[in-house]
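What follows is a set of structures to go through.
Here come two complexes built around chain A, the first alongside chain B, the second alongside chain C.
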Partner chain A sequence: MKDRASVVIIGAGVIGTGIAYNLAKLGMTDVVLVEQKRYSYGSTGRCGGGIRQQWTTEENIRLAKASVERFERMNEELGIDIGFIQGGYLIPAFTEQEVRDYRKNMALQNSLGVPTEYMSSEEIKELLPMLNTEKMMGATFCPTDGHANPFAVTEGYAKNAKEMGVDMELFTTVRGIDVVDGAVRCVKTDRGDIETKFVVNSAGPYSPLIGSMAGLEMPNKPYRHEILATERFKHFLDTMIISFHHGLYFSQTTRGEIVGGIGNPSEKPGYNLSSSLDFAVRMASALIDFLPQFKNVNVVRQWAGFYDVTPDAKPILGEVDGLQGFIQANGYSGHGFMLAPIVTELMAELIVNGKTSVPIESMNMRRFKSRNMVQEANVVG
Partner chain B sequence: MSENDIGTSRIDRHPILEFHRRKELTIYYHGRPILAYEGETVASALYAAGVRTFSYSPGLDRPRGLFCAIGKCASCVMNIDGISNVRSCITPVRNGMIVEEQKGAGTFPETTVGDYETASPELEADMVIIGGGPAGLSAALEAADLGMSVLLLDENHQLGGQLIKQTHRFFGSKEHDAGVRGVTIAKSMIEKVEASDKVSVLLGTTAFGYYPGGVIAAVKENKQLVKITGKRVLLATGAAENSLAFENNDLPGVYGAGAAQTLMNVYGVKPGDEVLMVGSGNVGVIVSYQLMQAGVRIKAIVEAMPKIGAYFVHAAKIRRFGVPIYVGHSIKRAFGNGKVEGATIVKLDDKWQPVPGTEFDVKCDVICLSVGLHPSYELMAQAGCAIKFIPELSGHVAVHNRNLETTVPGIYVAGDSSGVEEASIAMMEGKVAAISAAFSLGKPVGEKRKEADQMLEHTQKQLESLRDGPFGARGRNGKRKSFELYEQLTGARV
Partner chain C sequence: MSDSPDEKIIICRCEDVTRADILKAIREGGFTDLESLRHHLNIGRGPCQGKTCIPLVIRILRQETGASMEEIGLPTARPPVRPIPLGILNVNEGGGE
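Now for the complex of A and B:
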């Protein structure tokens, strides 16, 4: 392992590997990525893979749209099949209030160039005849939303970064960060120290722990989210279905499994990764409500991951006041996979050029001090 | 489908077994009516009617037949009554069932009918036992005897595990039921379990998970969730047969030896007419002999080692019938159009490499693989027990101590799932696990406790003596490794 590098990235999720790739693309290859386990061990390998532009704040919509454009080109760019299915996201509304809110969101999305459309319950039935539309009052549908395989995207980033010269140190745990005169100096791992000027905190749900190694108190907290996969079926479902009303989402992967999850409002923050029977039962019942055929389907796996949640459900990006060289790229609050292509590109720009081509000021950690926050409402699960 | 149509292969006369066929039913295979008997599985009825291909592989569209015949491999999944991915080898027939081959991945069900229960019963017992083979049965009887309430679960529709197909007289010493047929041992234990008012039995029920709080989740008849809490839990899930890498090893007609045994001894269906047996350990040789009893011709037995693995008595029986045994040989490939029509055999040199030019073909319609089993350790892993690969125990096992307790306190293992050995050992381990579990709950007391202490010691000694000598070396060494690992991992000395 190198004992000195221009940049040390912590975490080999989609964010860490994406930043490694984009740094290399900008010519910065004196980079070491350190990961305690293996690629996609964290939230990335546990996530639903959903990619949507139907957000409620301008920043998120812009970032998601820019990401979708990149996902569309990714197979070619990374030379790997990322399993991107652009079958749209359907967001059904179950109350009058939801209909009004979703229409308002749609107007904002449309104004930013996202082709979201409104569907009556009859139109939903036409799109997905199997769906139980009984209680649905309507829905928004964005045909360019979709989902992809997070393992493949991460592997693609890692493989290309490595080929361009980035060092990947797997099974290496960061234990401490030396700060001298308000600037980062050295990353200490269980396999040796690496002297550096830049540390990227892309440790996902573990990022507050990394922050505290550099003396920072961070506002994000890990919340367990559970998810399951059914047996495989021939492809029959293009659309990803999400219901903010139920906190539920599901889609069919290119392998044929239905993968989905449902939130648990009483979940407390903490590093608990166990799977619960309660989730399996709630999810199964909810799926049967949406698609009665699910009662004849077997679940083959369930697992849990963390949402890395900030107070306004938006990521923490960029430099930290008073701690030179420390770059935050975390706090994705359950939607970091879909934002990865654009965010990792911007983070690389910030490190190499000292500035970003799209402003990300509003995502800086200092917003939590000034209480200058705009809440993102469309968080699912 | 006409190729599949090779008439019936029901066994009517058998020197040891009698098949009392129950009510006649009809199932429909791609529209064709097929005779079935109540109590048998879809796979056995189809097999008796000549069907050999049950599914086609998702990637390469290769025909697939049975492999394990006990629900452990998914080679036999079919569309049954509009539902895909159903394991036909453990699904009982029902009158009027509609059965179709499955091509590749399943189809999302179109039907919203089909009964399923939303209510999920919550059951409790002092001792919950998963698996009703000899290990589970013996543990259930012992636990009941020590005053514990017992809940015994098996995913099969009958108790007995692998024992219900062992028609031969058992090896081992007199004290350990040697000379008695496996089926007879099973029958007597099952009768006792059924007669016990301390043991409740749930059949057709698969345990699928151990959740925080010690809840075991199981699914009954594929339609009802059952939640079970046990003060102590024994996972006696048995073992699954190994496959072997050779060209066309997935051709219908390549079966685990245990699958062939299940077909003929449990369901009274002849697996084929001419069999090549791969592996000459006890299982290979015993199953060969049983196949001959069912009227099947054994074309040859192939063994990679330089000598036969089975006990002398079993091998001698086979030899007497003039079955050629090729030691130092292996199977190179299977061939046939959609099903096994023969195999190519090749000689191995002293480095286990095939010797070019020594190939020859054997014509057969079934190839049985008896190349060992591996412990079914999935539930233990999911429950969080420390898992290690111990070659002498035939694969991954939950690390356990002399009392059969795993690294998760309160969870025990016994029998093949804790290391592949044999039925007599499985029964004793079941006993040890039950006694240890009872002791940990402070049961029994007084005189009874003294007796139990003696029983535990006696059984531990019996286990040691069974693992004595050269044939017991594997088990002896494997178990020692497990006990040592347990100490290292828990810091406890047992």
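Now for the complex of A and C:
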């Protein structure tokens, strides 16, 4: 392992590998990525793979739209099949209030160039005949939303970064970060120390622990989110369905499984990755409510992952006041995968050029001190 | 590789993964730990959830990497043990439509 590098990235999820790839693309290849387990371990490999532009804050809409443009050309760019299905996201409304809110969100999304449209319950039935639309008053639908395979994207980023010269040190645990005169100096691992001027904290749910090694108190906390997969069957569903009313989402992967999750409002923060029967029961019941004929479909496995949640459900991006060279790229609050293509590009720009082509100041960690926050509302769970 | 007998040995029956696929992933792809190998090839993600193939995959990994059983470990067991219909878990069942 190298004992010196221009940049040390911590975490090999979609964010860490994406930053490694984009740094190399900008010519910065003196980079070491350190990961305590393996690619996609903490959050990326456990997520639902959804990619959506239907957000309620301008920042998230802009970032998601830019990411979709990058997902669209990613197969060619990375030379792999990321399993991108651009079948749209349907967000059904179950109350008058939800209809009003979703129409308002749609207007903001449309003003930023996202082609969200409103659908009556009859139109939903036409688009998705198998869906139980009885209680739906309408929905918003964005045809350019979709979902992709998170393992494939991460593997693609890692493979291309490695080919350009980035070192990937998997199964390597960070033990400490040396800070000298208000600047990062060295990342200490169980396999040796790496002297560096830049440390990227892309450790997802573990990022508060990495931050604390550099003396930072971070506002994000890990929350367990459970998810399940059914047996595989013939492809019938292009659209990803998300209901904020139920805290539920599901889609059919290119492999043919239905993968979906449902939030648990009483979940406490912590590093708990166990699977619960309570989740299986709530998810199965909700899924059958949406797809009644699914009562005979087998569930083959369930698992859990973390949402890395910030107080306003928006990521923590960029430099840290008073700690030179420490770059935050975490706190995605359950939507890191879908934002990864643009955010990792911007983080690489920040490190190489000292500035970003899209402003990200509003997502700096200092916002939590000033209490100058605008809450993102479209979050499951 | 095309005329190698490894091409014809199916290791994961649910996902149709051959011994040749696994050797290639270990030797050329660098997927030398069980979980990474599983995710790369989708081994053990079908109806049997690895009950048939994982012991065979571990044996191949041992032969290729020299790692011990303890070092390789076992994948996390995911519920349910056997596939069950969603309807069994439905709390709304019998509630009338």
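Here is the rule we go by: the second predicted complex is superposed on the first by the 380 of 381 C-alpha atoms of A that agree within 3 Å, B and C clash if a C-alpha of one lies under 4 Å from a C-alpha of the other, contacts with A are read in each partner's own complex, and residues count from 1 in each chain.
By definition in this document, contacts are C-beta pairs under 8 Å (C-beta built on N, C-alpha and C of every residue); 3 or more make two chains touch, one makes a residue touch a chain.
In this text the structure is predicted, and so the values were computed from the model without any measurement.
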{"item": "Contacts of A:Gly256 with chain B and chain C, given as first, second, both or neither", "value": "first"}
{"item": "Touched partner set for A:Glu155, first chain B, second chain C, both or neither", "value": "second"}
{"item": "Which of chain B and chain C A:Glu231 touches, first, second, both or neither", "value": "both"}
{"item": "Touching partner for A:Arg38 - first (chain B), second (chain C), both, neither", "value": "second"}
{"item": "Comparing the two partners chain B and chain C, which touches a greater set of residues in chain A", "value": "C"}
{"item": "First (chain B), second (chain C), both or neither touched by A:Asp289", "value": "second"}
{"item": "Which superposed partner A:Ser275 touches (first chain B, second chain C, both, neither)", "value": "both"}
{"item": "Which superposed partner A:Lys369 touches (first chain B, second chain C, both, neither)", "value": "neither"}
{"item": "Which superposed partner A:Asn298 touches (first chain B, second chain C, both, neither)", "value": "both"}
{"item": "Common interface positions of chain A, toward chain B and toward chain C", "value": "231-232, 275, 277, 280-281, 285, 295-298"}
{"item": "Complex contacts: residues of chain C adjacent to chain A", "value": "33, 35-36, 39-40, 42, 45-47, 49, 76, 78-80, 83-93"}
{"item": "Residues on chain A engaged by chain C in the complex (per definition of touch)", "value": "38-40, 45, 151, 155, 171, 229-232, 255, 275, 277, 280-285, 287-289, 294-303"}
{"item": "Touch list for chain B against partner chain A, complex", "value": "58, 82-85, 104-112, 114, 116, 118, 120, 209, 211-212, 215, 217, 225, 227"}
{"item": "Touching residues on chain A, where the partner in the complex is chain B", "value": "231-234, 236-237, 256, 274-277, 280-281, 285, 292-293, 295-298"}
